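Sharing a structure below in structure tokens format, with a few things to ask.
Labels run A, B, C and D following the written order; every chain starts at residue 1.
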Amino acid sequence: MIKRVSVFLCVAILSTFLLSTQSSAQKVRGVTDTEILIGQWGPQTGPAAPWGAVARGTDLLVKIINEEGGIHGRKFKYFLRDDSYQPAKTKAIAKEFVEQIGVFAVVGGVGVACGMTARDYLMENKVPWCGPVTGVYEWITPIQKYLFAIYPLYDDEAFNLTGYLHEKLGYKKIAMFYQNDDYGKQGVMGVERYLLKKKISLVAKVSAEVTDRDLSTHALKLKNSGAEAVIMWTMPTHAALILAETAKIGFKPQWATSNTLSDSALMMQITKGLWAGMINSFFGELPDSNHPLMVKYREWHKKLAPQERWGVFYYAGIIFAEPFFEGVRRAGRNLTPETWISAMETLKNWQGIGPPISYSKPNHPMDRQGGKHVFYGKVKPDGNIQRLTDWMQITK
Amino acid sequence: MFGQLIVSGLAVGACYALLALAMVIIYKTSEVLNFAQGEMAMVSTFVAFTILDAYHVPFLWAASLTFLFAILLGIFFEIVFLRQAKDPTVLGLIIITLGFEMILMGFAGWKWGPDQRSFPFPVSNVETYDIGGLLISKINFWTIVISVVLMFILFLFFRYTKLGIAMRATQQNPLAARVMGIRTKWILSFTWAISSIVGAAAGMLIAALGVLDPPMMMDPLLKGFASGVLGGMTSLPGTAVGGAILGIIENLFGGYISLAFKSVVAFAIIVLVLCIKPSGLLAKHYVKKV
Amino acid sequence: MATDGILKVKNIETLYGLIMAIRGVSLEVQEGQIVCILGANGAGKTTILKTIMGLLEDQPDKGTIEFMGKRIDGKDAEEIVHLGISYVPEGREVFPELSVEENLKMGAYTRKDPKGVKEDYNRVISHFPILAERKSQWAGTLSGGEQQMLAIGRALMARPKLLMLDEPSLGLSPILVHEIFRIIKTINGEGTTILLVEQNAKMALKISDYGFVLENGRIVAANTPKILLEDEDVKEFYLGIRSEESVKGYQRWKRKKRWR
Amino acid sequence: MDMKRDYYEDIELFKSTTILICSILFLIFLAVLPWLIEKYHPLGMSIYIVNLITVHALVAIGLNILVGYTGQISMGHAGFFAIGAFTTVIFVLNWSFPLWIALPIAGFVSSGFGFILGLPALRLKGPYLAIATLGFGMTITTIIKHMEFFGGRMGLQAPKLHLFGAPMKDIHYYYMIMVIAVLMVIGATKLIKTRVGRAFIAIRDSDIAAEAMGVNLTYYKTLAFAVSAFYTGIGGGLYAFILGFINPESFHLIMSITFLAMVVVGGLGSIMGSIAGAALMTYLDIKLQAIQDIPVIGAALLNFSQKYMSVGGISNIAVIVYGLIMILIVLFEPLGIFGFWIRTKKYWKTWPF
């Protein structure tokens, strides 16, 4: 009986897939008189799933814009696909976006490996892509006409953060704790680049595998290095683990970390308060900021998606999509990839709730790198942030 | 540094040993390699978290309720899935447990979301005991104690109680066990219940050591499996020895040779050990006649 | 046959999948007797015992089994053991990685009287002194004969009213076979009813009070050993005594036919 | 069943003209498949997915030779897959070998590692072999990750292949992969039917008995690992090119498990089963994530999910369904899709009765 039911279910599911596929043919892919189709992939399942909030944050922005009447008489239709952080799936999703759904553009998208499998394909098919959610050089070198990066580069960020610790705060002995993947490695590159310039070296360089759950040895190594400040380039889990392990053995340096860990509410909770004192860089307004746009978004958030936590990953989905919509706004009613690109290239220090964004004609890789600013803050014992600096440029 | 490395190696080894214990109990009675063990523990820990979060009951209450849930979960899996398999292959059984792992993983992600959480545990993960200059955090200390005590209780149980011997008998010869009047089906469910409890205990300790999120058991489970195999997969003292050896070697390797390969050195050691002693360190294995 | 049999099997049919292994067997065992079932390989002897023991799921398909006046067909093995039937399976089937002592302990699994268990333990040891010597050794390391003794001893630990033995002589040397059968007789003398399945017809009939001959899932002959021993067919097929004048093949065919 | 009168008749590829005609028809079908897919996208398929399925099918066949035919478990095939992928890309990228040379090299490098892994496997069984192979898979990716030569943690961009000066598209890859796959499937079918294949099966059924009959265990067990790794390595090489970018992180344990699931779901000891298993599992893996887009059910699920579960967790249903399918197939069809096929065939053969 169960067998028969399951066979029936399989057939039913498969046939609904068959019925649900659609194809569309217009002059400009993904743009009709009333609608613009856009898509994003993001891990909703698997180990990287916390990042999936970004893609849902974009969904909120799309809803807000649609509620406000769309742009130039067109509303947006947003396709969110889960790639579980597996590149093979990401590429399948990219193909689906282009060949079957026919999207106008891709917005956001988490993961370097995932994005890299899809990049060339999207570029060949002239699909505009705005704001991949990682700050690596891969997006802008070689220069891609249709790809507009936003996320401040990890490398530059680490460079600048080390400079801040060294010059402003006067730390001499700096150690690095990073996660052994593309993200962590970019951080190391930046830190080492700065220190090389100053002719000093890291007192310790400790890496953790992404799957590691025991960091006691790592903590010991950091302690034995006698570092005064430790720069941390990891994901939340490792941050919590290393703080607990170092606290255990009585090692309390000045910690500093990248904007990836700027969700201080989450971090305070999972580190049981050890997060206090952290020097953090930020790529967007603070969650409780009085910035008029933030106030507006928070109100809509309460109305449209009250179950979502107003965390940094979530509203990062807004940060990485805002410039795209600004480009659509500036491109006017005649929206094609080309007009959108020209519109994007007119952005000069345009700011939503993220860093100031500027683009220009693609002559230099940095012309396609929109976000070049971060600001620093220090986590207070109650979890709030004390802003240390204003938006400051981190690229040379 | 050496002493400190040994101490933290023992502490992490105790976690591995607990998970290995849970796997070994099942392997001992039914020769199933339970890859769902980690996720069963993870879901149980989430249940504990939910109870603590929503009702603010004392921890022991929540833990007891969680153990009850773990029992039900273990028995549910045994009865609803494993028992339905008609003359399954070893591989088929592994695939069933992997499938169940996915179901649990999906369920946890669905119900509780992917965000990391901190698991409220009565013992601090930061405060330490100072034993002759070596620091050991309270939670690590209690993990070791709990592992050793559980191991000892289970060892006595399997060695001297009628039920424990019956469980071993069931694994060795299910037909003869039935002829003795042993309710083999009931024994299997019971095995899953015990193992699920041990796993849930390990899950709560591991969550308290770090953070609670759906993928938290992936690495500990593999290491637990590795320590079980190192110890001999059927031997309870073996799991303790395997866990301790693995934890210490990992830490020494990480401390003195290379942190980068710390997480895989365990597997290299296992392959070496198994080449010399194919059934693990402490297992006496009766060779079945063909 | 008398009506006060301890075990009454009436017209049972047992299926293995679609194959009918037992086609309507009836037999009865009187209290205090040794009853043997003879038959060639594949005749269904073991299946009968397994059916009685409730080891085959949803079997017997048809027919009834009564033990001490109670229906036991369709009950679980565990319950049947509890009612007082013990079964020594073919090929010993000891627990290889349990010690001899633990094996014996498992035999008394269903019992809740430690004192009685202790008594029975001593009784088993007195029957099989070798088991006391090997007390803490793994059962898998014993020799075949010792394992057989252990299996019988283990079954006795349940203090059964009826002991069913499946081919106790299988794979043992002639001396050991004699020894085993002597012990079976002694056990019977102490008041345990015994149902014995054997291929070694000569030995089995020697100690039995009644015998059944099974072929292709049917009882083809049933009588006291004395009469069975004189039956020409039994003589030829189970004892290997052939009438001088018989013509090869022809005789065989004819005899078989008479049974059907 | 027709009688086999001759050994060579048994190992002959096309047993009868009917089968020959069917094979030719099937090849024609494979040849026109990309046009059908590009035009209609049946079931939301794209050529890329078909390519992925074909590559996975190669891996599944390789794994099946090891697991299904020789009875050795492996939880580390993602390692061989990674070796194949990285070797091919390195040879093409760094030393500018043409693909048709780099690919076999990758296959042989991978099978060399297979041979090495086969050595401890001679003495190990069950959980012991499982952990050894699992460790192998993880060690390989860790080593690759730590060597800058392999692109380190960043990964490697596979070079673009060109056909008559123009960059190759999915459809070109399709024909390239399909030709290789057809050849390799034929090779596997042949291998299984010859002396080697029978030795593998003998080892699976009982290695001690096989040894007693004169099967050289050392030779055949390591050979099984090597052959299996060869298939997986070739698969990996092709995978690198259809993906365009490879990163050591993506060759993780879950990938090894997915391969095992393909083999078991498809049917242990059946080449055709492996192909079907690879097709089903790959398709589900990619397509199940759009579960909220299914009309009616999707909206209801989304509603339920947001009310009682977590807000963004609906995609997890795909994981649950995937796991459930794995379990259900093992429970109700232990021979996998292949068993289902046999039963259907039987049913139709005896249809009116």
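Methods note: contacts are C-beta pairs under 8 Å (C-beta built on N, C-alpha and C of every residue); 3 or more make two chains touch, one makes a residue touch a chain.
Nothing here was measured: the structure is a model prediction, and the numbers come from that model.
Chemist: From chain D, which chain is the farthest off, judged by mean CA positions?
Modeler: Looking at centroid distances, C is the chain farthest away.
Chemist: Counting C-beta pairs in contact, which chain pair ranks first?
Modeler: Per-pair contact counts point to B-D as the maximum.
Chemist: Using Cα averages as centroids, what's the distance between chain C and chain D in whole Å?
Modeler: Roughly 52 Å, centre to centre.
Chemist: Using mean C-alpha positions as chain centres, tell me how far chain A is from chain B in Å, no decimals.
Modeler: The computed centroid separation for chain A versus chain B comes out at 36 Å.
Chemist: Measure off the straight-line distance from the CA centroid of chain B to the CA centroid of chain C, and report it in whole Å.
Modeler: 44
Chemist: Round to the nearest whole Å and give the separation of the Cα centres of chain A and chain C.
Modeler: Here the centre of chain C sits 75 Å away from the centre of chain A.
Chemist: Scan chain C for residues touching two or more other chains and write them down.
Modeler: Not one residue in chain C touches at least two other chains.
Chemist: Can you list every residue of chain B that touches 2 or more other chains, as numbers and ranges?
Modeler: Chain B, residues with two or more chain partners: 106, 109, 114, 218, 260, 263.
Chemist: Give me the residue numbers in chain D that touch at least two other chains, ranges are fine.
Modeler: In chain D, residues 142, 310-314, 316, 318-319, 325 touch at least two other chains, as defined above.
Chemist: Can you tell me, using the touch rule above, whether these chains form a line, ring, star, complete graph or other shape?
Modeler: Graph shape here is other: it fits none of the named patterns.
Chemist: Which of the chains are touching one another, listed as pairs?
Modeler: Between chains, contact exists in these pairs: A-B, A-D, B-C, B-D.
Chemist: If we count contacts the way the header does, which residues on chain D are in touch with chain A in the complex?
Modeler: Interface residues on chain D, with respect to chain A: 38, 41-44, 46, 48-49, 52, 142, 145, 152-155, 157, 160, 167, 170, 239, 243-247, 249-250, 254, 285-287, 289-290, 293-295, 297, 306, 310-316, 318-319, 325, 328, 332.
Chemist: So in the complex, the part of chain A that touches chain D is made up of which residues?
Modeler: 2-3, 6, 10, 13-14, 16-21, 23, 44-46, 52-53, 56, 81-84, 86-89, 91-92, 95-96, 99-100, 112-113, 116-117, 119-121, 124, 138, 180-182, 184-185, 209-210, 305, 307-308
Chemist: Which residues of chain A touch chain B in their complex?
Modeler: 44-47, 49-50, 52, 180, 206-209, 211-214, 216-218, 220-221, 224, 236-237, 240-241, 244, 247-250, 266, 269-272, 274, 309, 311
Chemist: Looking at the complex, which residues from chain C come into contact with chain B?
Modeler: Answer in residue numbers: 53, 55, 76-78, 81-82, 86-87, 89, 93-98, 102, 105-107, 109-110, 138, 140-141, 154-155, 158.
Chemist: Which of the residues in chain B come into contact with chain A in the complex?
Modeler: 1, 4-5, 8-9, 11-12, 106, 109, 114-118, 125-126, 128, 135, 137, 206, 209-211, 213-216, 218-220, 247, 250-251, 254-255, 259-260, 262-263
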